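There are two complexes below, and they share chain A, which is joined by chain B in the first and by chain C in the second.
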Partner chain A sequence: MAMFYLLLLLVLVGIVSFVLGPIKVLRNIIAFLGAVTAFFYFLTNIKPGLIYSLNIRVYNVHFEAGFSSMFFGVIITALFIIFLIASFHEENDGAYYLFAYLTLTGALAVLFAKDLISFFFFFETMSLFSFLMVLKGKSDTSFRSAFKYLVWSVFGGYAFLMGTFLKVYYTHSVMIGDISYLAGGVKLLILILLLAPFAVKAALMPFHLWAPDAYKDSKDTFTVFFSGGLSKIGVFGYFLVLFKVFTEIAVKYPYFLKAFAWLGAITAALSGIYAFMQDDAKKLLAYSSISQLGYVAVGFGIYTHFSVVAALFHALGHAVFESLLFLVVAGVYYRTKTTDLRKMGGLIKRMPLSFIGLLFGIIATSGIPPTIGFPSKWLLYEALILKGDLLLTSLVFFASITAFLYSYKLVHGIFLGKLHEEHKNVKEAPLGYAFGTVVLLVPLLVLGIIPGLVIKPIDYIVRFYLKPELGYNLANMNTPLGHVNFPVVGLVMGLTFALSLFIYLIAGKSYRAEQTDNYTATEAIDEDFELHYAGEFYGFMKKAFGRPLTWSFEKILNAFLKLFSFLGEVARGFYMGDARVYLFYVIAFFALLAYLMGGKL
Partner chain B sequence: MVSPILVIALSLFFAFVIPLLGMVSKKLPRLVPPLAMLVNLWILITNIKFVSRGAMLVTTAGLKPPIAINLAIDRFSLLFVILIQLIGLLLSVYYLSQDNRDQRFYMLFLLNILGASGIVMTGDIFNSFVFLEILEISSFGLVASKKDRKALEGGFKYMVIGAIGSSLYLLGIIVLYLTTGSLNMAEIAKLMPHIPESIKLFAALLLLAGIGVEVELFPLNAWAPDAYHGAKDEISTQLSSIISKAGIYLAARIFFTIFNGFYALKIIFYLGVITFVIAELAALMQKNVKRMLAYSSIGQMGLLMLILSLVAKRGDVFVITTVILLALNHAFGKGLLFLSLGALSGGNGEYEIENLGGNGRANPLAGFLFTVGALSIVGMPFFFGFWSKISALISLMKTNVIYLIALVLVISLVEIYYYGNVIVNLFRGEGKKYGISIVPAAVMILFALFVIVFGIWPHPVFQIAQSAAVSLIERTTYISSIIGGM
Partner chain C sequence: MSILYFFLYLLLVTIIGLLYMGAARKITAHIQNRYGPPVYQPILDVLKLFAKKDTASHGIMHSLGPVIAYTGIAATLLFLPLGNHTPLLHFNGDLFVVLYLLVVGPLGMALGAGESANSNATIGIARALSMMLGYEIIFFMATLPVFYHYGTASIYRVIQAQGAFPDWAAILFPISFIAGLFALQGLMGEKPFELVVAPHEIASGPMVEYGGKYLGLLQIWHAVGIIVETGLFVDIFFGPQSILWFFAGTFIVFFATVIVNAVMPRFRIEQAVRFYWGLPLLLSILGILQVYIWR
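Now for the complex of A and B:
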């Protein structure tokens, strides 16, 4: 019952916030309290193994809470609260909160769903309402992005539905369960179809085309939840399909897993490259988000105990640092009204807390200790090395280099360099944003130093399906390749930093410059001359990679759309005649029927 | 018990009363249709408990069935006639707010509903031809009642195709009469095993021509886009929500009850697939929203006929239940779309997507209602369309045509594409604001309530649809309850 009550609570809170729409203060209080209540209700009342079935007469909706649904549910609900608190600073109407709550309801119900039809139902619910959330976005292009997002998610949903029907047709069971005993290529087809919506949600290439636009054009605070939270449904789906639906995949289709890992690695690398080409902070982060989720796919594709542990840990890490980055950018947008990197710069002294948040965010994104990004990447690299696929390993290593590049571009574009004239009086981001930033910094650092806190539940999820190879306690990990102590790694990192700082302080001859100063060699220039360098930041890289980058997936998609347009024109041509033409159709039709049926007449 | 024959008699009476009332006052005629529908609905509802599994027989001229004309009402017909009268009531209430109409319009409207109800209730095949003619001729008039070039063109095309269809239909009846010597549906059904195969097929094809025009099957539906486009928005609603529903009923009754499956359903299967694919693809490229809705309507009817034809493979109650669910979703969802499109375009015939841009934001209620209708038609969760679409897919799975599920899903994606495009455009930028008066708004809200309420709690509709489906499937009960013994 607890799961049903939780979902009901969320729907009711959504409706109440909608009704209270114009009374802003009351609405915000209700919305906030609702989310917090839901979070604590989730933590206290929902236990793994809980089963509930809701009979709506025409269908039995089955719910089951497993370890994995608990894990992702907590992440999603927590991020929802952070999104909600920050969103109170924006101009939103009641419908916005209704849609937000229904999106969350759909997402949690997807995690709990035990049978495929309910799964589809809630997946579509989530897609529909998150589409409406994007539709209510901030810019003129949000309509186009929302539309794209809708079509892609529904495409994924329908692929899933097709897989569902195939599964039900061959196994006579609608429950989520093993299909590996099925004969021949059918199970592979079902597998691919069932995996499609999650590849869309987790923006695995080539299903990622909606993501940069939708992330960019949705409202800034919603993007925090959208990128950090909703994409976790995709990761959850990977886990569901690869472990629960097809238990023997590693034996039967190792090549499928290999292809999946490669797709993940290509996603990570290509999106990384796309990311450092962007001049818009949100779009850069969108590609960064896609890239990070690529690592998760790699982890699943390698399919060993600690690669999957690494993937799930990285999914959590992604939720923490990517949300943090989006939240900081949202705060910056709130103050400066821009996300264009070329129009910002030097905000470090104006928004110090945001700077610290972003700094740790990018450190985690690059996988540097002592942050949450480090343990997962460490494990993933070990898994790759043990697997022995050199090409794949080097591609993933290359992808992490791109993370350094776009991370630096982000921090430089917003916080470093010359302060813009119009941003001289910018203040720190308001309380809602600051709250989220501080809250997210805690797991970011704590889990980087003592990852055992989370490795334990993750190990519980994975242990059931794969042979445990990973020894761990709170702060240590033992792998076939060796041993790592995270606090020590963190300490070394800290000492190195302290040492560099020390050397910098005693040895450097520094000249103190104002943030607005211009400094060039030989030539004198005006005070207000623009010297902050953020656009075309990696122009030389663009030259180097330019040609391959033009082979975009979008072109393939457009060819496909053209085919449909052509078919549509042909179909429409049929209805363009006048009455005589239509008369001819009728006569021709009956002549044809008489001919075809001639033998029987 | 009030005799259901009054539904027909009273409608005729009211239609004749209209010109008399028109002489008294210009305002009176428009009050007549809602009154007539209310009385009819009351009559039908009092009869619900008398209609059991078989058909309720209503004799005329005091003679038993094979000789005299009779009405034969089972639960399947009752469901359809109530649906027709209900939508008729809603539409006639909608007309209350419009005072620029000719009194002849109300007569045509009443006759139209009368024709549709007659088709659904009659147990006599020649009688069904008469009602079909009443329905079609009044529809031509209704389509052309807008009196501009497009409306006249649509009406004319409809008339040409419709006239051919109904004369072929008549020919089919003649063939059946020649071989069986009877015009009573039950009697013909009973004698069906004795008719030679080739004559059966010939008759079935001829009847299909007449019905195909009404249900908008592929080569016979060329009139539909023009007629839907040219007609007023309410008339388009009527075309999609009432007239095509009578066609579905007739198809089920003739090809299932009388012909008991047979080749005709196989032909309908292929025609349904072709209609579905061609119409939805045509809608994809359409820039004119009303025409797009027309194509979408044709496509939905194609899906409906396709599902209906599956009953031949396996006499499954679920398949017919699905047909009813799809019909209900189409009646309410598409009706809502046409009506709200009228409100969004301000009734001035600007249906191009560019002209409608932002109108949903300027007219939030109409925009919301259009969105509800579109989401229900594409089958989004929490709308009635979800259940009908899932049922359609389950029917396809049950009858082992699994490849068609893929086709239906691909075409559904096409539907999402063009409806999504319209919805997104409706809320983009600044639009023109048109007022909406309270009566049409209330009618549209009732349409929307149907798809939302039963989308959340579909069980009552499933139950009703199922009991109606059972009474269609048990054709022997139908036959024996009318002419006894089989």
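Now for the complex of A and C:
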């Protein structure tokens, strides 16, 4: 029952916030309390192995909580609270909170669903209401972006439904369960059809086209939940399909897994490149989010015990640092009303807390110790080398270098460089944003130094399906290739930092220079002098990449669009709207018929 | 006690690194038919820089940038085995720990230089980061066959798995070794890949707004960086060496980069990146094919 009560609670809170829409304070309090109650209810009452089925006359909806649903459920609900608190600073109506709560309901129900039909139903619920959330976004292009998102979601949903029907046709069961005994070709088809919606949600190339626009055009605080939380449903789906539905996939379809891993690596690398070419902070982060989820796909594609542990750990890391980055950018937008990196700069002096949040966020995104991004990267590389696919390893490494590029562009564009005249009086981001920033910094650092805290539950999820190869305790991790003690890495960095700081402090004094006190090769500096180099930041890389940079999936789709509209034009050409022409068609048809019948008519 | 040891160790390597820098100036001077400054000149320079009393800072991140830079390189050094000399710590030089710690330094400097709001500095940073797409990936791909061959990701175990002279990874994997040499030139930031500093174009790039103790910290960062970068290369390709031979090895590698530096002009940035995606990439892929054929 607990699962049902939880979902019911969320729906009710959503409806109440909708009804209370105009009374802002009361609505916010109800919405906030609802989310917090849901979170603690989830933590205390929902245990792995809990089963519930709901009879709605025509159909039995089956729920079951597993270790994986617990893991993703906690991430999603926690991020929902952070999103909610920040969102109170924005101008929202009651419907916004209704949609938000129904999105969360759909997402949690997906985690609990035990049969494919209700899985499909809840998945589509989530997609529909998150579409409405994007639709309520801030800019004029929101409609177009939301529509794009809906089309892709529907595409994924129908693929899933088709896979479900095929499975039911062959196995006579709608339950999520092993279908390894099916014949070869059908099984592969079902596998691809079932994976499609999750590839869309986790924005795996070439299913990613909706993501940059939808992330950019939805409201800033919702993007925190959208990118950090909802994309986890995609990762959960990978896990569900690759482990629960197909258990012998590594033996039967090694090439499918290989292709999946390569697709993930290509996603990571290409999105990384697109990310550092963007001039808009949210679009840059959208591509970075896609890129980071590429590593997760790589981890699943390698399909060994600790590569999957790495993938799930990275999914958690992604939830922490991408949400943090989006939250900081949301706070910056709240104060400056822009996300264009060329129009900001020097905000470190006005928004120090946001700067610290963003700084640690980018350090984690780049995978530098001692943050949450490092253990998963380390495990992933060990798994890759152990697997022996060195070219794939190189591509993943290339992708992680692009992370340095876009990370620096982001932090430089917003916080470093010259403070613009119109931002002279900007204040620190308000409390709701600051709260989320501080809260997210805790797991970011703690799990980077003591990853063992969550490696244990993740290991419980994975060890049921794959032979355990990873030795670990709170501090250490052992793979067949190597061994790292994460607190020692953190400790050494701390000690060397203390030493460097000591050198810095005993050396001579320094004074604070003015912004315009700069070396410019004798050019005079006044207020109009452009010191902030932010536009075309990696402009020269366009030359280095050359033509391939202009290729895109979108162009291929547009070519299809052109082809279909051309065919449509041709087909339309037959309908002239003139009675004599139609008469001619009828006569011609009978003449043709007579000819074909050989005059027997 | 161990803290003091660790402090002395860092001090010693920093001084050796500074001497390497002095040697580089002397070698370059001799190639250009000059006398050049004495070998210990960089040490005097650094002491002078630390003693300066009137240093401009553009803000807290600008001040902390060089501190973070030296933190990163010092931490890397402590995880890197110097030949047979086991490092201070009980787990021995994991490749990925070293590679990721190696990035902390440039990141710190980039953050610091960014706050100075000097476009020369930022252009230098943008170049430095873009260059990583060239040399870093080649360096990684060149070392990958070695780690795969010996079945470990620990630098220490790779060193121990190699034998005396003919059993070096450099001999076993000559193609990867050559690709690694190309990458090292970029990793060290020497000509023809000296785009980050490029004194004639962007006024020494990221360093343009740094003086006094900040420049001093960046100097000792660079000094330790020389040892770490060449040391990583020597560890992976030249097998187990005693500490003296290890430094001899790093000096030979360093000498090679310096003489190339002395006679080369400078690439444009997109030329430099594209250069790495040409021949060195091909070589490193051939190196990977070689290890597959051997297995």
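The rule is short, and it goes like this: the second predicted complex is superposed on the first by the 536 of 601 C-alpha atoms of A that agree within 3 Å, B and C clash if a C-alpha of one lies under 4 Å from a C-alpha of the other, contacts with A are read in each partner's own complex, and residues count from 1 in each chain.
What we mean here is this: a contact is a pair of C-beta atoms (placed from the backbone, for glycine too) under 8 Å apart; a residue touches a chain by one contact, two chains touch by 3 or more.
If you're wondering where the values come from, they're calculated on a predicted model, not measured in any experiment.
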{"item": "Greater residue coverage of chain A in the superposed arrangement, chain B or chain C", "value": "C"}
{"item": "Touching partner for A:481 - first (chain B), second (chain C), both, neither", "value": "second"}
{"item": "Touching partner for A:388 - first (chain B), second (chain C), both, neither", "value": "second"}
{"item": "Partner chain in contact with A:15 - chain B first, chain C second, else both or neither", "value": "neither"}
{"item": "Partner chain(s) touched by A:582 [first = chain B, second = chain C, both, neither]", "value": "first"}
{"item": "First (chain B), second (chain C), both or neither touched by A:504", "value": "second"}
{"item": "Contacts of A:568 with chain B and chain C, given as first, second, both or neither", "value": "first"}
{"item": "Chain B versus chain C as contact partner of A:590, first or second or both or neither", "value": "first"}
{"item": "Chain B residues touching chain A - in the complex, by the definition given at the top", "value": "156-157, 160-161, 164-165, 168, 197-198, 201-202, 205, 209, 218-220, 222-223, 225-226, 263, 267, 277-279, 281-286, 295, 375, 380-382, 386-387, 390, 393, 397, 402, 405-406, 409-410, 412-414, 416-417, 420-421, 424-425, 427-429, 457-459, 462"}
{"item": "Partner chain A, residues of chain C touching it in the complex", "value": "3, 6-7, 10, 50-61, 63, 66-68, 70-71, 74-75, 78-79, 89-91, 94-97, 100-101, 103-104, 107, 110-111, 114-120, 122-123, 125-127, 129-130, 132-133, 136-137, 140-141, 144-145, 147-148, 151-154, 157, 203, 208-209, 212-214, 216-217, 268-270, 273-274, 277, 284-285, 288, 291-292"}
{"item": "Parts of chain A lying in touch with chain B, wherever the complex brings them together", "value": "56-58, 117, 121-122, 124-125, 128, 135, 140, 143-144, 146-147, 150-151, 154-155, 158-159, 161-162, 165-166, 168-169, 564-565, 567-572, 574-575, 577-579, 581-583, 585-586, 588-590, 593-594, 597, 600-601"}
{"item": "Complex interface listing, chain A residues touching chain C", "value": "345-346, 348-349, 355, 359, 363, 366-369, 374, 377-378, 381-382, 385, 388, 390-391, 393-394, 397-398, 401-402, 404-405, 408, 411-412, 416-418, 479-485, 488-489, 492-493, 495-497, 499-501, 503-504, 507-513, 515, 517-521, 530-533, 537-538, 540-541, 543-544"}
